[in-house]
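I've put the structures underneath this note.
In the two complexes below, chain A is the common chain; its partner is chain B in one and chain C in the other.
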Partner chain A sequence: MHDVSALSPESRTNVKPNPTHFRLVLDVRQSLPAWKQALFLAGSLAVGLAISVAILAVAGISPIQLGSELIGVFNADSLRAVLVQAAPLMLVGLGASIAFRIGFWNLGLEGQMLFGGIFAAAVSIYQIGPPETRLLLMGVASAIGGALWCLLAGFLKINFRVNEIIATLLLNYVAVYFLFHLLYGAWQDARSAFPQSTPFKPFERLSDLGFGINSGLLVSVAAITAAAWLVHFSRVGFYMRVISANRSMAKVVGVPIQTVTLWIVAISGACAGIAGFVNVASQEGRLTQSFANGYVFSGVLIAFLSRNDPIAVAVVGFLIAVLFITGQTLQVFYQIPFTMVQLIEAIIVMSVASSEFFVRHRVRWIR
Partner chain B sequence: MTTSLALKGIRKSFDGVVVLDDAEFSGNAGEVHALLGENGAGKSSLMNVAAGLYAPEAGQIVIDGEPIALSGPSEARARGIGMVHQHFKLVMPFTVAENILLANGSSAYRSGIKEIRAAIKKQSAELGFAIDPDRRVNTLTVAQQQQVEIVKVLVGGAKILILDEPTAVLTDAEAEQLLETVGRLARAGTAVVLITHKLNEVKRYADSVTIMRRGKTVATLDPSTTTAAELTQLTVGETQTLPARAQNANTGTRLNVGALSCARADGSMALQEATFFVRAGEIYGIAGVSGNGQAELAEALMGAREPATGEIWVENLGDITHAPVSNARIASIAAIPADRYSFALAGGLSLSDNFAVTEIGSGRYGSLAHLDRGTMQRDTASAIVEYDVQGTRSVKQKAALLSGGNAQKLVIAREFSRNPSVVVAHSPSRGLDARACNAVHQRLLAARDRGIAVVLISEDLDEVLSLSDRIGVMTRGRIVAEFERPADRQAIGRAMVDHA
Partner chain C sequence: MTAFLINWLASAPTNAVPYALAALGLIISERAGVLNLTAEGLMLVGALAGIGTCLTLGGYPAVALVVAMVAASVVSLLFAGLVVVLRVNQVIAGLSIVFFCQGLTGLIGTIANWQNKQVAGLGHLAIWPLSEIPVIGRIFFMQDAVAYLTILIFFAVNWWLSSTLTGLRTRSVGENPAAADAAGISVSWYRVLAIVLGSSLIGLAGGYISVVNVKLWVTDMTGGRGWIAVALVVFARWAPWPALAGALLFGCIEAIIPHIAAAGIRVPQYLMMMTPYLATIAVMMWVGATQRTGTSEPGALGQPHVREERR
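This part shows the complex of A and B:
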């Protein structure tokens, strides 16, 4: 037991007792009501957004212009683009949040997306199954592809104690180069000079259902619903809560930690795999070399902001899609590089991460 | 002789639990002053106050006649108080010189190391230690690391040297050598405070002794004129005669632990062929000074730690030594761990989640796809009433909001609701007030009367004595002696320290 109050930084530097000196006291909070937590979260989000607005202002976009661009997103055309973009974002966010719930830090979402896309494209290229079920098969194949790629890291963790952060992150590169190997080789479209596969046939693509809704969005909403049920209403979800709340207790009370972990790892990878499928089968219409670029970052951000809750993932995923599309507009009209979007994402992640500190600790200056 | 360190009326509590209450201490330059007491008597806490680690809530620290307020450990160090903690505060991958430089802050590394190296050489030579300043600490033995700690505080200019259970980690020969060195230091003018629970050390090496019990100072004596029996008496308190108790009809063995060995994380052996058995309808108490393998034994029995060798056999389950925690095992063995929030409860989950968790796998609360929250909450609500868990507003509230006693009642409610055949309880009343403590004890006695085999592992000798039918004394991972009820407290106390 450490008496944190006696270890203030002041006492280290100030050996001579000084009756008027201030010291910083850090207490660990026992608990904090939900509304206060939300307040800290909102506050840190506001700080993050304020920094982002300031950076954009320096880059030449006044807050007023920014505001009008943001409002501009909600016209019919842009909204369609936002909803198309929201589907894969929700799915990677879901994949991240489900794994994070049991403390499996899956940073391999991009690699899993790539394998999802590769498996789906394989079904298209090798013309597996009749046209009527082709799209369904591509979806299933993408889930399997993503799950297997993620399970590889899970297997390494369980059997050889390889840190999954390292394993999943590095497997991204393996996946990228495997994709390059295909796109610069066997799978390259003979009629194209670019490293991309032959376009999918119309029945191999996720169609627009009208009202600006893409069928990819339906897939992700279905996945969100299933995950929400899994997490909140099933025994598996209960096991996940126990594992994350107290792992050593979970072991003693007989929670099958390993089985649950492997299944969750597989589901996490499958979500990312389906996100890859949604991207190649709706936006791109073929396997390209960059359809998963930057998604691991967005996935982690969405999981973080949604506190790993599936329903919140849907909301945050939509908002990040708005950010993406606004970013694209800014890129076109103001020559702002798209990396600015990632910069803003990073700033928001850091602000939210630091709010965690204030949720857990109480900081006071005392005399 | 002058009083170097005096502590007057010190009071300190953690989360409402009072660990020091009006504690007094006074140590002189030139003498070895032993601080004697059982586990949890407040010895280390009192000295942590002197070392500036804990800020006392009341009382006064007087150094060389001057009352002072310590702002932290660095100020204590600047005032000449050096403490060698039971768990060394060394940076393992650093060299000896780097560690000592780190503690005795000089901002320049190169010149600092040069000066420190010379100081280490000088100080080690005076003490008769063979310390190479450039060896990395993780290549040293435990005894050598301790020497580094001592040199560290002396190089820092300590005039008051506090050693917290220094011999606990040493072999007998090493301990003897250390205590002789410490005696020489004292004769050279240092005030040495020796925290210990070993009577023979006090008798042989201390010039005076202060005895603590339950956070209070009981007496300060000259050990040369006091008998070991008197010291024991003062340490453990009044000996009370225990009421006789009807033996349950002689029944068969329910739990057998045979030659159980278990390794700690660092590879040393926590349990060394511990052997005992427990009959149905009896409480088998395991007494001992903490850190002698009790925690590892409890964890092995509860399924939290896999033993290296040996056997745990339970009637109707068979050999479960290496078996994973199964539904059958959970149904038969009730586990009441010492640290509720490490193995028994998840503070962030609701009461009903915590209550239902052990039965989830049995299918009582729905299938894999569906969680029957209604039944979980109804069962929890009725258990809360039956086991008198207080301070609950709703079964949906977080378990972390329960007080220690009520959290313990919730654990007991859950564990006993399954009609177990064996109960493993480790320090079940730790941190509880008298009423909650009594309630827990009544539950254990009731379990015994129902024919359950109860293993009670506790560092609180009173608890073991008052509840157990038979008592095993655990020292260095073994059961070194067994006593039948009514057991002689002094004899048990001797068994606990003689083998240590």
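This part shows the complex of A and C:
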């Protein structure tokens, strides 16, 4: 016996639109004016910051206290600290953004920073070269250290097809344990109970140039200028755009994909290595245990928010430096752990990434 | 020498369980087509939730493990919302979740003052007549309850993925979401469920580390085990049983580190601690050298499904 009721008109009533029933409809936008995109970006940033402020409020810092701490950052002393902090952050962000431009997920920024610092410290500890050129030699050594550590992941990707996300992240842990091996062993300062190297001599440190500007900042500004030229005006930059736009097309027209990738990977690692050098030679003044803590995700965040543009990296790097210094203040005065900075960074990335959905799609309620 | 071997192999399962559970959780969500990098963060959430429950209730490790599962599932809803509903790049979303969880657990653990507080944990369960067998009894039949449970979970998940309707649908969503969608399967719901289900296992893995294995909590205590689990999934070619084998391998590697020091062999301590990470890279190199690309990877891994953008 067939079920005739399925064909009867009554059964179709549930297909009829219910007048009180709303539903979400998604359209793909063809384009969106720039000011609207900026509006969405600003809105999502505001949402992210609001969530962060709310979490801080739950953790015991009222928004008023937070506001006064933030304004406090803009006095002379703190601004100097911000500028010192901005230098490594810009370099790390630059390293991340250059690698992301050709789709190489370099998440080993921390390990590359550590190796940059270790190579620079090696030049200082073994007293290589005359005092006049020592600092320059330390900088070069740090770039080589960072580049080599990053090239290892690039080599694994090209020759063994090891996913660079996993390789770079795991190499971070290897680098940390190598640093511990040195600092709890051969390189430990004999006069110190802490795991740290002997302090650098005055001529081995990045000096203050006056007006609160540390020479580390000059290094990072120079690197950003060079990277901006590389990315926007050089032949390699053009190759990078072709590779990221269409890999197989690039291969067909004869772009040297492998060579460009390896060079970019090396440059990315070198930026992070120099960031390590800047950190040990300006802020710390010696090799310490934790001079690269919290930089991996900062680099990712800076690259993501700046849309991999070197000039924007400088601006975002400065803002993240403000966040870092505020985080340090909160740590000292309110016992809020420094991982708070990472939490806020993650919230900002999530909210900004979500905003792209609304840039690309139009969401409507229809009846 | 025999004593050394037995001690080492008897402690290997305890080290292998977190890898096995986390890798299995990742396999479930990646079989549904969601590239999942969140393991490291969700394990931290599980670890903190487990220890927090233990300290608050004063014991009850079983309850703590369940709470760890629930906590990780709840946080994974955020990840599901980002990648399934808002179609955020799955690498960016996964990384943000990891660092979000690192920050969150560091904050909560410090404020609640759960750092370095010892808990009783879970005792070993001797399966009586078998546990009396000389060598084998110590290694195979004197483990904790979760280790045995892990085997059962593997049987269950393997059966679910290969032989049930929902399991097959989950896999179809991961292989070809457009076809699954046309066949009337809700891609979004299956992906969300796969993420939440997988994350509960990842949470259990984290809770196991803090409550059963280490028996206390410190910041960032998973120490990269989540990333190793991500690598294990590739090594296992997205299949449960090879993941268990890989987890046992890494359990053995991790377990030998303290035993070498205890046996009085002088090796630089910190270089020894690199071995799990270097071994992971070596395994990945072996996989890359022997496996053809894309043969066993879920077809739509990492690709968001947007019906409106279907071409």
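Following the convention adopted for this analysis, the second predicted complex is superposed on the first by the 322 of 367 C-alpha atoms of A that agree within 3 Å, B and C clash if a C-alpha of one lies under 4 Å from a C-alpha of the other, contacts with A are read in each partner's own complex, and residues count from 1 in each chain.
What we mean here is this: contacts are C-beta pairs under 8 Å (C-beta built on N, C-alpha and C of every residue); 3 or more make two chains touch, one makes a residue touch a chain.
Please read all numbers here as calculations on a predicted model, not as lab measurements.
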item	value
Touched chain A residues, chain B compared with chain C	C
First, second, both or neither for A:Gly237, with chain B first and chain C second	first
Touching partner for A:Gln328 - first (chain B), second (chain C), both, neither	neither
Contacts of A:Met249 with chain B and chain C, given as first, second, both or neither	first
Touched partner set for A:His181, first chain B, second chain C, both or neither	second
Touch list for chain B against partner chain A, complex	14, 52-55, 68-75, 78, 302-304, 325-327, 329-330, 335, 337, 341-349, 353, 357-358, 360-361, 365-371, 398, 400-401
Touching residues (chain side chain A, partner chain B) in the complex	1-3, 5-8, 10-12, 14-15, 17, 23, 30-31, 233-239, 241-242, 245-246, 248-249, 251-256
Footprint of chain C on chain A - complex, ascending	26-28, 55, 59-60, 105, 107, 156, 160-163, 165-167, 169-174, 177-178, 180-181, 184-185, 296-297, 300, 304, 335-337, 339-347, 349-350, 353-354, 356-357, 361
Residues on chain C engaged by chain A in the complex (per definition of touch)	37, 78, 82, 86-89, 91-93, 95-97, 99-100, 102-104, 106-107, 110-111, 219, 223-224, 227-228, 230-231, 234, 268-271, 273-274, 277-278, 280-281, 284-285, 287-289, 293, 306, 308-309
